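Consider the two complexes below, in which subunit A is the common component and subunit B and subunit C are the respective partners.
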Partner chain A sequence: MSDPLVAAKLIPALLIVVPILAATLPLALGLRWERVGWYVTAIALAVEAALAGLLAYAIYGQGRRVVHVLGGKQFGRKDVMINGTPTEDFIVGIELVGDALSGLVVLVVAGVALAVLAYMRRAGPRGNAFYSGYLLLTGGLMGVAVTGDMFNLFVFLEITGLATYALVAADRSTDAAIAALKYLVIGTAGASMYLVGVGYLFVRTGTLNMVDLSRSLAGDPSWIDGALYADPLVAAAFGFVAAGLLTKAAIFPLHTWQPDAYAEAPDSVTVYISALVSTVAAYAFGRVALFVFTPDFFAANPALINGVLALAGASVVAGSALAATQRRIKRMFAYSSVAQFGLVVIAFAVAVHPASGDGAVRFGIYGAVFHLVAHAVIKGGLFATAGAIAAGDGSRRLSSYAGLARRRPFLSGAIAVLGLAIVGVPPTAGFVGKWYIAVAAVESGLWPVVGVVFASTVLTLLYVARILEKVYFDHRPDAVPDHGDASGEPTAGDATGGAVAADGGAPATRRVSLGMAAFVATAVVIAAVLGFGGAEIASALDPVVDAVQESAPAIEGVKTDAIWEVANNE
Partner chain B sequence: MSELATLVPPFAIVLVAALLVAILPRLVGHAVGVLSLLAVLAISLLAPHGTYYQTTLFASFDVVLFSVNSFSQAFGFVFAALGSAAVLYSYSSDAPKVTTAFALTYVSSTMGVLFAGDWLTLLFFAELMAVTSTLLVWHYGGEAVRAGFRYALAHGISGSLLLLAVTWHFAETGTFLFAEEGITSITSGIPLYLAILGMGINCGFVGLHVWLPDTYPRPHIAASVFLSVFTTKTSAYVMYRVLPLGDSVTLAVAYMGGIMAVYGAGFALLQHDMRALLTYHIQAQVGYMIAGMGLGLYLGGTTLELGVGGALAHVFNNVLFKALLFMAVGVIIYRTGIDDLYELGGLWREMPLTAVGFGLGALSITAIPGFNGFISKGMILDAADPHYYGSSATEPIYWLLYLGAIGTLLSFIKLGYYAFLHGEWDGPELADAKPGHTVAMLFIGGLCLLFGVQWEWLLDLLPWPLLKEEAYHLHPYSSSHLQSQAILVGISLVAFAVIKKPLSKLGHIPDVDVLVSPLVYYSGKASVYGVTELYAAIDRTAIRFVRGCYWVGSNPTLVAVRLARYLPQSFRPSFGQDEPPADGGTPSRLYLRASIGTTVLLLTVVITLLLILAL
Partner chain C sequence: MIDPLPLQVGIELLTHRYAYLLFALLLAIGLYIIIASSNLVKMIIGLNLFQTAIFLFFISTAYVTGGATPVIPKEAKAYDPFVSPLPQVIVLTAIVVGIALTAVALALIVRIYSAYGTLEEDTIREVRADE
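Here is the complex of A and B:
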């Protein structure tokens, strides 16, 4: 372990193992000490953040591609013969990969996990079982980020999903339980579709490793006769994989689980899952499209990628329109995510679209990843602000936000900045990603897509302006937070509000905590200044762009990598 | 010495002098002004040919701020010579310090144009010329202010046209630099037409010339001397840079030159106001230049050398004699305060020096042998004459120019006759020109005579090297040239005797300005209204759109209900209430949530869709 290289190659595995192992601790230690969960989680996530930092340093600081092969030295890429056929470096076992693409996602997951923990110190929910679920979810998200194996990706998606179902229902309200059930059924259905697709790929190619899959699809190995891009089974596999991942990323019309889940989940859980769960699903879609199927596949099947573009475009328009019609803040933000992930998928789709030249590929990747990160920060911040406002005075509806600027100037300001960031007002973080996406769309010459991307700004303004108008310009003196629903419809928000009211003076105990304020402030600052780091993040992504443009995630690159050599020689 | 000459660009020298003139005592300031222009004169003669300062502006445009070539040398020389005399004249004419200062900034920007090595620099200084000359007009106050405004409008338009042309040229070629020395025409097509139109306004194309007689007679007499020279002649030089070789557009411009010669001379003949008369002659003389360069460039070959050479020589000469005429007339106005020709008379006894100055100028402009106008005008006429170097295509131009020559003779006979010869001066005792006036006039008149007699020196100075070759036979003083000029003068003298009487009875003859001025006024007014109204309309539409969006945002349910009416009955979603109230009431809610079963159905639909697409 004294060799830094050996240490570095362990990081991808540790990123998954640490939270999953730590997830057992709150329950185990909870038998002895009652309130140990938060501290255990804090320590585990601090370690996680440190690991993520080390990985990011190895990837971006030293320009490495950190690969870990699970299972010890008998696994990996070996130069051996099987039945007289050379394996051509095909892998035995499961690879975990930290590269320029996954490194950013790992950083975001680790950072948000730690920040949300601070937020939930006071905001709840609590209980050792909850913290176990929280750690499990973090481990699953890390797994999705770093895995280099298609089946392994399914496993981590399911870990993520199962943990999320549990967390959504964590406050044990009826609506949350229904929302969790809906999420469970739809999420599992989507994951099954994904698994079917992976099965097809395995049947056709005999491998599950992403790099090996892309090589097989390209027809590289001697036992495969030419490129498989036109193979119906492969095309069908993409259909299933895409449908599954788009369900997880909540793309219209597969998004129906998402607004319920976001709206009914406890505020802290909403912050966490809105920032990360769909994010890693969209990331997985991008990774699969870019590095498994590769642009060459879509050149052979342009209709497929056009179909994905159409879905994503519809998602932008429908998500924004639905957001604009909502009256509950959390549902509004939830539908906003439907629209924003539509943009991210558009960007990934443009990056692999056959109409795209080098420039469009480059800006598509920049835009997708930047917007993914920016959205995580902004949307997490918005939900956190909404949660803080609800914790402060129980406002969960747009109508009760009237005159909020006087009552809660700090949180109102946060809503304003983050809202403008999601609209994409320069120089906020939301602007840069959208700008790259727009440039990519223009360079690819896909004019309907250009129209959707530009329209998305106006559509976003539709609901953000509604909020800002209420918060800053509606001075109805009788505007008071509504603790009950006038029309009598029971909702989770009302249930919480009702519970607060029933507690009699309970709002005092659920005041905006330091952790909540700090979380909101951090999100606002990052949303405001991340835009200035656009060039740095873009250049960090250049290896990804190069790999896509050379149409090879480069097994050669892996072989010559010092870390991989270490893994082999061990 | 020659290195010293390229140390500072001429425009900078004159600009500094302009500032000093405004600050220093009047005598010292004007002396500095004269010296600065003499320095420029020296630079023009001494700076080594081919010297240039190239630099890059805004990290993207290559520009040559200072380029010494044969054009800038010739015109730098003559403009500097004239400028120094004009500053001296200005001093004697009691022009305010600030007037001279403005005049010098104007001269400075002209120097910038002449020594420019690329279109961007040229354009910049051309715009600066428009600004500084407008200030020069405005500074006089009174009627000159309104005229100055019209003047600024005309030059604003011409500058914008040239800007468009140059921008387009850059977009096409990716460079502002002149292609090479000599003919460096701007990109053909629309940029060319824009540039010709823009410079056409400055040169006084018939119909576009109304600003000329409108402005030049109005400001201070010294300002008129400056104005009469720089803008129009510089524009003629730019026009030469613009025109393409052998293009029919070039021929059309040459015809325009011929028409300008007749039109300008004709209207000059009708004027009472002395400076107005001279101003129309600017149009006529620029017509000769345009015609010469146009037909030379169109026909090419030996005509190219003769036509363009003649045109450039005429630019050179015209700078001298036209300014000289304005000086002489200016002295008359200075001493008598009278602008109207018919109120004067018998002045040669009162003001013999002024009469000599005027005579030198008039003999030059009417192309009397021995004066410089004879040389350059003769070259242009020869180039147009189908019996010499012209062709049948240029024959009409020849006759137009011939007619223009008669008109010129007639109008200067008229000017000289009524101002100096006719009758007796019955007003108060008049002093003659001041020493400064006299020196300025005699210096310029001397140059006119010098380049008329020693015409080879003129050709040596010109940027048309082929003219100097032995093979070229230029005989300005051949008997046939002299003979035809004698016929011209004869015709004119007889004609003047005939038309003198009716001419004096004529009142004001309207020029096209009676049409153009209202046209510009009303179209300008219309465009102002149009722009304002268009903006207002856009503003209204934008506000309506924002309001609409806001209404949609405030009443999403209502919008959804109304939109749903357009759906077929079976697809129409069910609503909580039938029709939610608009603004004010609580909107009802929409139940659009898909159940778990519906979602799984949707998932199946999406997969089916993707599988169909995968086929």
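Here is the complex of A and C:
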């Protein structure tokens, strides 16, 4: 056992266990030491990042598929006879899977969690309970990323949701509480829809494991009579599952919780949830569509995937249009996310669309995953910049951004670079993702989709240009920093004035800290440089593409995998 | 003259599968309360009803006619039919999740109530618009 990565099969479990167990520590140690929360969180997340790095090395460096079966081999895959029927390697327990798709998401979650922690050192909110919630959220996100079980996915979605609702309301403002409650009601209804879909799948196939589900739907096992793709119950299951996950990913018209939650949450919480929460929901949708239902299902039910495409397309158009009409910066970026996740879902949908050939499938997957990662970096960076500007001189509205380039040249530059990245100007990260998505749409020959993808660039420019025009070309003399107090707000009389006053109530004590500046700078650099790594990230995703094109989620690969052997022989 | 086949299906549905009908009914009622109720607490009650409907669905799929409790003694030689334990475990987990959600929701409502002194969504919206 000279291989240091023999223990790699433990990593997927540790990724979830470490933050969730550590979440108890800020509260417990807080009884004895008052300001212990940040340090505990920092240590836990550093461990988490190291684990994520190891997992990524096992997946991408050594080409493994790291599988952990909760409960050990007793609950693992077996081929035994029960009442004269072979079980054909169906699993009893819950699988945690690190593969080429989940590895990237794990890396992004671990990296952003650590970076946002540096950002919130000064930006707040503080308090040991807050850090507990933060760790719980990280654990939930990791769980969504690595789980290979449909019901387990529901549980982690709800852990993520619960922690998010609490964090959105963490700064004790009433507006944030109302936004969090709205998020809670819509998010829970969405997750429940997902659970109904899982129930339908379970009733039809008798399994909850993603690999086994796709095998059952294909009609592989001897006790299922032919493929189940045409079964109305399975089609209904997809409808419910998709409705639930698209609600969590904030796709139009299920996005209504999202702008309020993003706008009213404390700045550092907005950075975190905008970068990750909807991202893992969109990832979960992609995983379910690619590996549970598989392209064969959509070939039998083209109307379903066309429906998803229509919603995602509407999301791109409506999200961008709504973003362009906003006056508050955070709401504008929030609506922008609705549009960007529309693009990601379009890419996933094109990858499983019956009209797509091999090339469209390949570029659809590249585009979806790359844009998911790029959006996490860019949008996290944009919200972080907006938060830093608000902390610096209290500007939270587009109108008070006038002449910002003179007052805050560094942060203005960050807004400019990140804004152009979200538009998709080469060579930024946003360009590569959109390029892949556009190529996939063209290759699939779905011309309305092509139109939406190209229009999205212009539509994004619509609101980014509004910001840049204010920041760089508006030099009105009355454009003074308003220091966050209500009298400086030109439209403080509207419903949102309370939150602005609450957030910027003590401008003198809140400065742009080193952590905030470092976070913004890192996001800018990654957004600008990630585009050059497009080919590397794409080639890292090739196992995913191969698995989808063979329409077999590598069950043979699981059995021959070295780590799998270790799991069996212990 | 009524076509006998749909009638038969309908009777079968009512006599043997009434749990599924109840599931659909509760789901719809819960969703309606969430959408239509302007009282925040009632909205949470609707959410609970919505989730309870799903619990009912899972539990009713686990049922086997004449099935025993899925606790199997070690010395048993042959198994009698027993109800499926997996959906029951799922529902247990989902109930825990549901309770946690209700707790968070009620905590948020307490904060909203202490700020506005009302649970009516419409009133809160008016107050917010006036501010």
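The definition used in the following text is that the second predicted complex is superposed on the first by the 539 of 570 C-alpha atoms of A that agree within 3 Å, B and C clash if a C-alpha of one lies under 4 Å from a C-alpha of the other, contacts with A are read in each partner's own complex, and residues count from 1 in each chain.
The definition used in the following text is that contacts are C-beta pairs under 8 Å (C-beta built on N, C-alpha and C of every residue); 3 or more make two chains touch, one makes a residue touch a chain.
All of these numbers come straight from a predicted model, not from anything done at the bench.
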{"item": "Greater residue coverage of subunit A in the superposed arrangement, subunit B or subunit C", "value": "B"}
{"item": "First (subunit B), second (subunit C), both or neither touched by A:189", "value": "both"}
{"item": "First (subunit B), second (subunit C), both or neither touched by A:135", "value": "neither"}
{"item": "Which of subunit B and subunit C A:465 touches, first, second, both or neither", "value": "first"}
{"item": "Touching partner for A:236 - first (subunit B), second (subunit C), both, neither", "value": "first"}
{"item": "Contacts of A:165 with subunit B and subunit C, given as first, second, both or neither", "value": "second"}
{"item": "Touching partner for A:155 - first (subunit B), second (subunit C), both, neither", "value": "second"}
{"item": "Partner chain in contact with A:199 - subunit B first, subunit C second, else both or neither", "value": "second"}
{"item": "Subunit B and subunit C contact sites that coincide on subunit A, given as residue numbers", "value": "181, 185, 189"}
{"item": "Interfacial residue positions of subunit B with respect to subunit A in the complex", "value": "549-550, 552-554, 556-557, 559-560, 586, 589-590, 592-594, 596, 598-600, 602-603, 605-607, 609-611, 613-615"}
{"item": "Interface residues, subunit A side, partner subunit B - complex", "value": "181-182, 185-186, 189-190, 193, 232, 235-236, 238-240, 242-243, 246-247, 253-254, 256-257, 259-260, 301, 303-304, 306-308, 311, 322, 324-327, 458, 461-463, 465-466, 469, 486-487, 489"}
{"item": "Touch list for subunit C against partner subunit A, complex", "value": "27, 31, 34, 40, 43-44, 47, 50-51, 54, 57-58, 61, 86-87, 90, 93-94, 97, 100-101, 104-105, 108-109, 111-112, 115-116, 124, 128-129, 131"}
{"item": "Contact set on subunit A toward subunit C in their complex", "value": "151, 154-155, 158, 161-162, 165-166, 169, 172, 174-175, 177-178, 180-181, 184-185, 188-189, 192, 195-196, 199, 202-203, 208, 493-495, 497-498"}
